[in-house]
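In the two complexes that follow, subunit A is the common piece, with subunit B as its partner first and subunit C second.
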Partner chain A sequence: MLFLAWALLPIPLKKAVRNGFHEFQVPSWEALSWGRDLQNFWAGRANRHSELISQGRDLARLNGAFRLQVMENESLRQELQRMEALLDLPPRPRYRYEVARVTHRQIGTWWHEMVVRKGRDDGITEGNGVVYAGGVVGKVQKVYEGTSIVRLVTSPGFRMPATLHGQTQPLFIQGLQHGSIGKPTGRVRNVPISSNVTPENPGYLVSTSLGQVFPNGLHIGKVEHLEQSSNGLFREGTVQFPSELYNLNEVAILVPLPSTTKTALKRN
Partner chain B sequence: MSAVKKDPSFIWRIATLTGICGIFFTILFACLGLRQFVERKEYREKEERQTKRRILQPAPRGEIHDRDGRLLVGNQSRHSAVIYLEQIRKEFRSQYLEDVRDIRALREPIRKGMTHAQVKEHLGLFDRHHEDESSVTLTYNKYLKVVFENSVVARTSVSSSDLQWEARLKVVRRYLEQVNKIIGRSETISRKKFERHFNRKLLLPFTLVPKLTAEEYARLLDQLPLDSPVQIFTDSTRFYPYHSAASHTLGYVVFSEVDDEAEEIEGHNLKTFRLKGKQGKTGLELSFNDQLDGTPGGEIWRVDPMGFQFELEKKQLPTFGQSMQTSLDIDLQMLAEEQITHKKAAVVALDVKTGEVLALASKPDYNLNDLTPYISTKVYRRIESEGGWLPRATQGLYPPGSTFKILTTIAAMRQGQVHNETDFECKGVELIGINREEFRCHNPRGHLAIKIQRALALSCNTYFYHYGVRTGIDHISTEARRFGLHTSTGIELPHETRRMLIPDKEWKKVRIGEPWRPGDTANSAIGQGYILVTPLQMACFTASVARGETLTKPTILRVPDTQRSNINHGGEPIGLSKEQTQQIFQGMEKAVQFGTAQLCKIPGIRIAAKTGTAQVKDSDRNSPTFGQKLTLAWFIGFAPVEKPSIAIAICVEGTDPNDNYQGGTTAAPIARNLFWTYFAKKSQQQLTQTP
Partner chain C sequence: MHLRRHIPLLVALIANNILWLILTELNHYLSVWSLYILTPALFVLYPALNLSYRKGLLVSLLTGLLQDSALPLSSNGFFTLALPTLHLITFRLRDKLHREGGLDTVLLLQVVNLITLMVLTALLSPSQLGGLSAHLLALILQILLSQLVILVTGNYFLGLQRRLGKVFFKEVREEEAPAT
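Showing the complex of A and B:
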C-alpha cells in the first residue's frame, strides 16, 4: 500500500520528500561527525605532554620541509607561467580548494557515496571534483544548502577520463560493483594498444585536465594487467583504487575559478 | 429424454455430425501438424526475418611494418558522440503527444466559414501558401493546414507523419544541444539526414557529433551521465606515422560495407545493418586486402514491431586482420623521398640477392593521413593538380637513356662485336646508314681512341651507335627481352604498368607502318627512340647484372632469414665470360672514379654505376610545356662491386625545357646519399651484432 502511494505520488512531490528526508537526516549525521571530532579532540588532550612536545617537534620539521617545497613550487609555477606565455598556450584550469569534513559514508553494492559538510552556501556545485592528499576521491553528485553528496570514483555509476602516467592519450575509468568489504576496484578502458603493464611494473592512472573537472596528474589508482578489448582497438584492465578512500575524514572540493570556466575549447 | 435416445434418426444425425466434426478436426490437426512440423522451417525463417535483425561490425585491419618492425600503417581510434534511439522512444512519444496538444489548441478556435482575416486574428501570419483551381491552402505554425474555398475556411488538417518526425527531431536536437554545450560546438542535424537514418539504420546509433577531439572526448566522458542515451562510439581509422612516406606503396583505404558473405557470421537471411568498414584502394592495402582485413563481428537482435532493439540474441566479436612485414627500410625510404622533394622523380633500391625492395619512392606524392577517413574533393584536386596520384616507380614510363648502354654492351659482347681490346675512334660524330645520317656524341670534340671500359665510364655515344648498329636491333631487343624489360616485373603492387616497350622491326612495321632504319638501331643502342621502361625495371636490371643473371623478381615483402639463400628469380646466367663481366663492372666503376657518375663516389666503397640523360617530348596536354623537349636524369648502380648487396635506379624528370638535368649531376648525388646511408646503417648493424 505504502509502495503504491509512493509510486502514485507526483514527481515534484517525490523530489521534495526525498530532499526533505536528506535534510532531516543531516543534523544527526552532523551531530555524529561533531561527536567524533570531539572524541578525537579529547583523545588528543589525553596525550602526555612529552608526547605532544615530541609530535609538535616532528610537525615543525615537516612544516619546515613543506614551506621549502611551497617556495620551490612557487618558483616552478612562475617558470611554468613564463613558458606558457612564451608559447602562447591557453590558460590551464584553476581551482579553489574547499576543504570539507566527511560526515557520513554509504558504501553499498550499487553506489559508494559520502556526505561532506560543505554545500551550496560554500559555492559548491554539482559535478565539482573532490580530491584528498592521495589523489582523486570522486565528484559532487548532489548539493544541498550546507552539505553535499560525493560519489566516489569506486562507485559503479561513476566514469571519468584519465591517462596512464607519462602518456597523454585519454582513457576512461569506471567503478565496478562490489560490496563494502574487499578492495575497491574499477575498470579502465580505451587504453592505447601499445601500453604494457605488469604486476612488477604497474601502470599508474592519473587525472587529466582535458575534462575540465580535475587538474592533471592526480593519482587515481593502478592497473597491473591489461587485455585486449572486444573491438580489438584498445586494451582494458582492472583498476585497484587506494583502500583509504573508504576511511577519509577530510576531503577538498575543487571549485573552478570563474575565469577558467569560460576557457574556450582549443580545437585540434 | 429416453424417447430422444431411442430416435434412430437423431442418433444417425449425431453420428453424422460427429463424423463431420471429426473430419474437420482431423483436417485442422493435419494442417496444424503440417504448419508445425513439415513447414516449421519455412515459418521459422519468416518469423526470424520479421523479428530479428543483424548488425555487422568491421574488424580492425592488420598493421603494416617495415623490415625492422617499425610501424608504417596502424589503426587509431576515432570517437564520435552518438545517440541510441531505442532509449528515447518514450520521449519521442511524449513529445509527439505534447505537439498534438499544442496543435489542437491552435486549431480549436478555427471554425468553418471563417474569413482569412478572422483566421489571421487567431493564428497570425501563415508560413506557406499553396493555391489550386478551387482552393487556397495556408500552413500555420509549420503543420496546421487551413483550406479556404470561396474565401472562407472549408476545413483544417494536420499531417500526423510530419508531426511525428518533428517530435523525434526535437528530442534528438535537445540531446545534441546538451552535447554542444559540453564541448562548445554548434553542430546541427537536418531532418533529411535523421529520416534517412531512422528509416534505414534504426538499429544503429545515430551520430550527433563526429570526430571528437581528445579534449571533447574527455569532457563528454566526464559530464555525460553513464545511463544517458548519448554515448561515445569508437571506431578505428588508418593511421600513418610517417605521413607521406611510401604513400604509393602502402596505399590507402576507402569506406566499404562489411562483407556479407563472411561465413563465420550466421543470419544471412536476416535484414542486416552494416557499420562502415574499410577496403584497400591502392598499394599494399589493395594487394593484401584479404590478409589485412580481419573477420567481421556481428550481433543478432530481436526487434519489436517498430524495429527498435528489444533483446540481444547473439554476439560475435570481430577479430584483428593479419599484420604484414614489408621489405621497406623506412630510413632509406624517407631519405630517398627527401632527396627528390619538389621534383618529379622516382627512386628504387633493391636488395641484389633477394630482390627485396628497400625503397620505392615516387614524387610528387600525398600525405596518407589526408586521405583518411575519406578523401575530400579539395585534397583530391590538389593531388591531381600536382600529379601526385601517379606512382612513377612502377607506372612511369621513360626512355632509359645511356643507362641502356649496359644492355647494348652485353648484347654486343654476346654477339662478338665488342671485345676487351676493341679500339674505337670517337670523332664526335658517327655516320649511320646509306644516307650517312649524322649521329653526334655528347662530346663534340670526340673521345678519340676509346675502349669499352672508357666508353662506359665516359658514356661515349658514338661508340654505342657504332657497335649497336653492328650488333643489330634484333639482338639488342632479344637481349632486352631476356632481361625482362619488355614485361612488368610482377611485384606485389597493383596496377604495375604493362605498357613498357622494347621496339623491333616487326613492332615498327605494325605500329608505325614504316620499315626499321639503322638510325633507329643507333637511337635504341643509347636508350633513346622508342624504348620505354619503368624505374623499377631498371633497378631489377641493375640487380640482375650485379648478380650475373638475367632476371630479378622484386618483392615488397620481407624475405624470412631462412629463405634468403634459396631465392630463385627465374632467370639464367647472362652468358658472358668472367673477363667480359669484369670489363663491364670496371667500366661502371670507372664511371664513378673519373667518369660521368663521379658525384656518387664514396671513399672506401666500390660502386659500379651508369648515368644517363634522356630527352623526351612533354606529352601532357594540360602542361604549359606540352610538345617541348624535357630532359630525364637517370642513374643505375650497385655496390659493393666485389659482393653486390644493393642496387639503385633513379629517374628525375625535367619539368621545364630550361632545366639542366643530367644523370651525373642530378641523379648521382641522390644515389651517393642512399649508398652512404645504406652502408652506414649496415656497418652499425654489424657492429651491434658482433659480440
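Showing the complex of A and C:
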C-alpha cells in the first residue's frame, strides 16, 4: 500500500519533500562543520609563537610573488581583450570565485560528492564549476538556499572536456570508481593516436573553456599510460587525480560573470 | 498525558536522527580512503521490536526520507521504501526475537543490512564505468565495515533507545500490535 502511494505521488511533490528534509538537516551539518573549524582554531592556537612567526614570514613572501603575478595577469588580460576586439572574437567567459567551506564529504563506491556552505543566496547555480588550489574539483550538482552539492570529477557518470597540456585537441574525462582505496581516478577518452605518454613522461590534463564551465588551463590530473580504444581511432587511459581531492576542506565555486569585454573596450 | 504516549516514538525519531548525524561525520573522515558506511537495518531495529506497527512504520518512513534527501539517489529514493520494508520484515519476526536484543537480533540485523546494501549496489552499478568488477575490492571492504559497525553498535543502540524510552515515560509498556 505504502509502495503504491509513494509510486503514485507526483515527482514535483517528491522533490519538494526531499528539499524540505534536506533543509531540515542543514543546520546540524553546519554545526558539525563549525565544530571542526573551531577544533582547528584551537589546535592552531596551541602553536608556538616562533612557529607562527616563521609561517607568517613564508606567507608574506608568497603574497609578494602572487601580487606580481596578479599585476602580470591583469596586463595580459587587457592585451587579450584588445586582441579579441581587433579580431572580433566572441568574449571569453569570466568568473567570480565564491570560496566555500566543505560541510561534509560523501565519498565511497556508491557516490562521490561533497556538501558546501554556499548556495542560492550566494548566486550559485546548478552546473557551476568547482575548483581548489590544485585544480578542478567537480561541478555543482544541486543548489539549496544556503548549501550546494558538488559532484566530484571522480564521480561515476561525471564527464568534462579537457586537453593535454600543450595541445589543443579536445578529449573528455569520465569519473571512475577504482578498486584501490583512497586513490582518485578517472578515464580519459578521445586522445589522439599521435599522443604518447609514459610513466617517466606523463601527460598532464588541463581544463578547456569548451564546456563553458571552467576556464582554460586548470590542472585536472595526469595520465601515464594510454591504450588503443575499441574503435581504433583514438587512445584512452586511466587518469590519476591529485590525492588531496578526497581531503578538501575549502573549495571555490566559479560563478560566471556577464561578459564585459566589449563594453570595456568601447569605453576605452 | 496524550503527548506522553508518543515519547517512545519521539525517542526513536531523535535517536535515528542523531545516529544519522554521527554516521555522516564518520563518513566525512572515511572519505579520505573513499569509504562510506551505511547501516539501514540499525534504524529500524527499535521501532520494529518495541513500537506498534503504525508508529514503527512512521519512524522508518521519516528516517528513510531523511536519508534519501542527503544522498544522491533518484527522486523516487531508495531508503524511503527500503526502511519500511526492513521494518515490516523485522516486525513480522519480532515474536521470535528478544526485544532487548541478543544473538538472534544481531544475526537478523546482519542479514537484512547485507541484503539492503547488495540491492543498493545492484541498483547503482549499471551507471558506473567498468561495472561492479572495477571496484569490487573497495565495495567488499565498505560492506564489511558497515557490517562491523552493526555488530559492534547494534545491541548498544537498541538498549540505549529502550532505556531512554523508560526514563522519559515511566509507564512504558510494550506495544504489542498484531503483525498485519
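We adopt the following convention: the second predicted complex is superposed on the first by the 245 of 268 C-alpha atoms of A that agree within 3 Å, B and C clash if a C-alpha of one lies under 4 Å from a C-alpha of the other, contacts with A are read in each partner's own complex, and residues count from 1 in each chain.
In this section, a contact is a pair of C-beta atoms (placed from the backbone, for glycine too) under 8 Å apart; a residue touches a chain by one contact, two chains touch by 3 or more.
Since we're looking at a predicted model, the values are computed, not measured.
By the touch definition at the top of the document, which applies to A:Pro170: first (subunit B), second (subunit C), both, or neither?
So A:Pro170 only meets subunit B here.
Between subunit B (first) and subunit C (second), which, if any, makes contact with A:Leu86: first, second, both or neither?
Touch status of A:Leu86: no partner.
Using the touch definition from the top, say if A:Thr208 reaches subunit B (first), subunit C (second), both or neither.
First partner only, subunit B.
Determine, under the contact definition given at the top, whether A:Gly157 touches first (subunit B), second (subunit C), both, or neither.
It touches subunit B and subunit C both.
Between subunit B and subunit C, pick out the one touching the greater number of residues of subunit A.
Counting contacted residues of subunit A, the larger count belongs to C.
Please indicate which partner A:Ile149 is in contact with in the superposed arrangement: first for subunit B, second for subunit C, both, or neither.
second
On the A-aligned overlay, A:Asn231 touches which partner chain: subunit B = first, subunit C = second, or both, or neither?
In the superposition, A:Asn231 contacts subunit B only.
Overlap the subunit B and subunit C contact sets on subunit A and report the shared residues.
Residues common to the subunit A contacts of subunit C and of subunit B are 157, 174, listed in rising order.
Which residues of subunit B touch subunit A in their complex?
57, 59-60, 75, 77, 183-184, 213-219, 221-223, 226-227, 234-236, 294, 297, 317-320
Considering only the defined contacts, which subunit A positions touch subunit B in the complex?
Listed in rising order, the residues of subunit A that touch subunit B are 127, 157-161, 168-170, 172, 174, 190, 208, 210-213, 230-234, 264-268.
Sort out for me which residues of subunit A touch subunit C in the complex.
Per the touch definition, subunit A meets subunit C at residues 2-3, 6-7, 11, 14-15, 17-22, 24-25, 28-29, 32, 104-114, 141, 149, 151, 156-157, 174-184, 187, 246-247.
Which of the residues in subunit C come into contact with subunit A in the complex?
Those in contact with subunit A are residues 17, 21, 24-25, 27-28, 30-36, 38, 57, 61, 65-66, 68-72, 75-77, 80-81, 84, 120-121, 124, 127-130, 134-139, 141-142.
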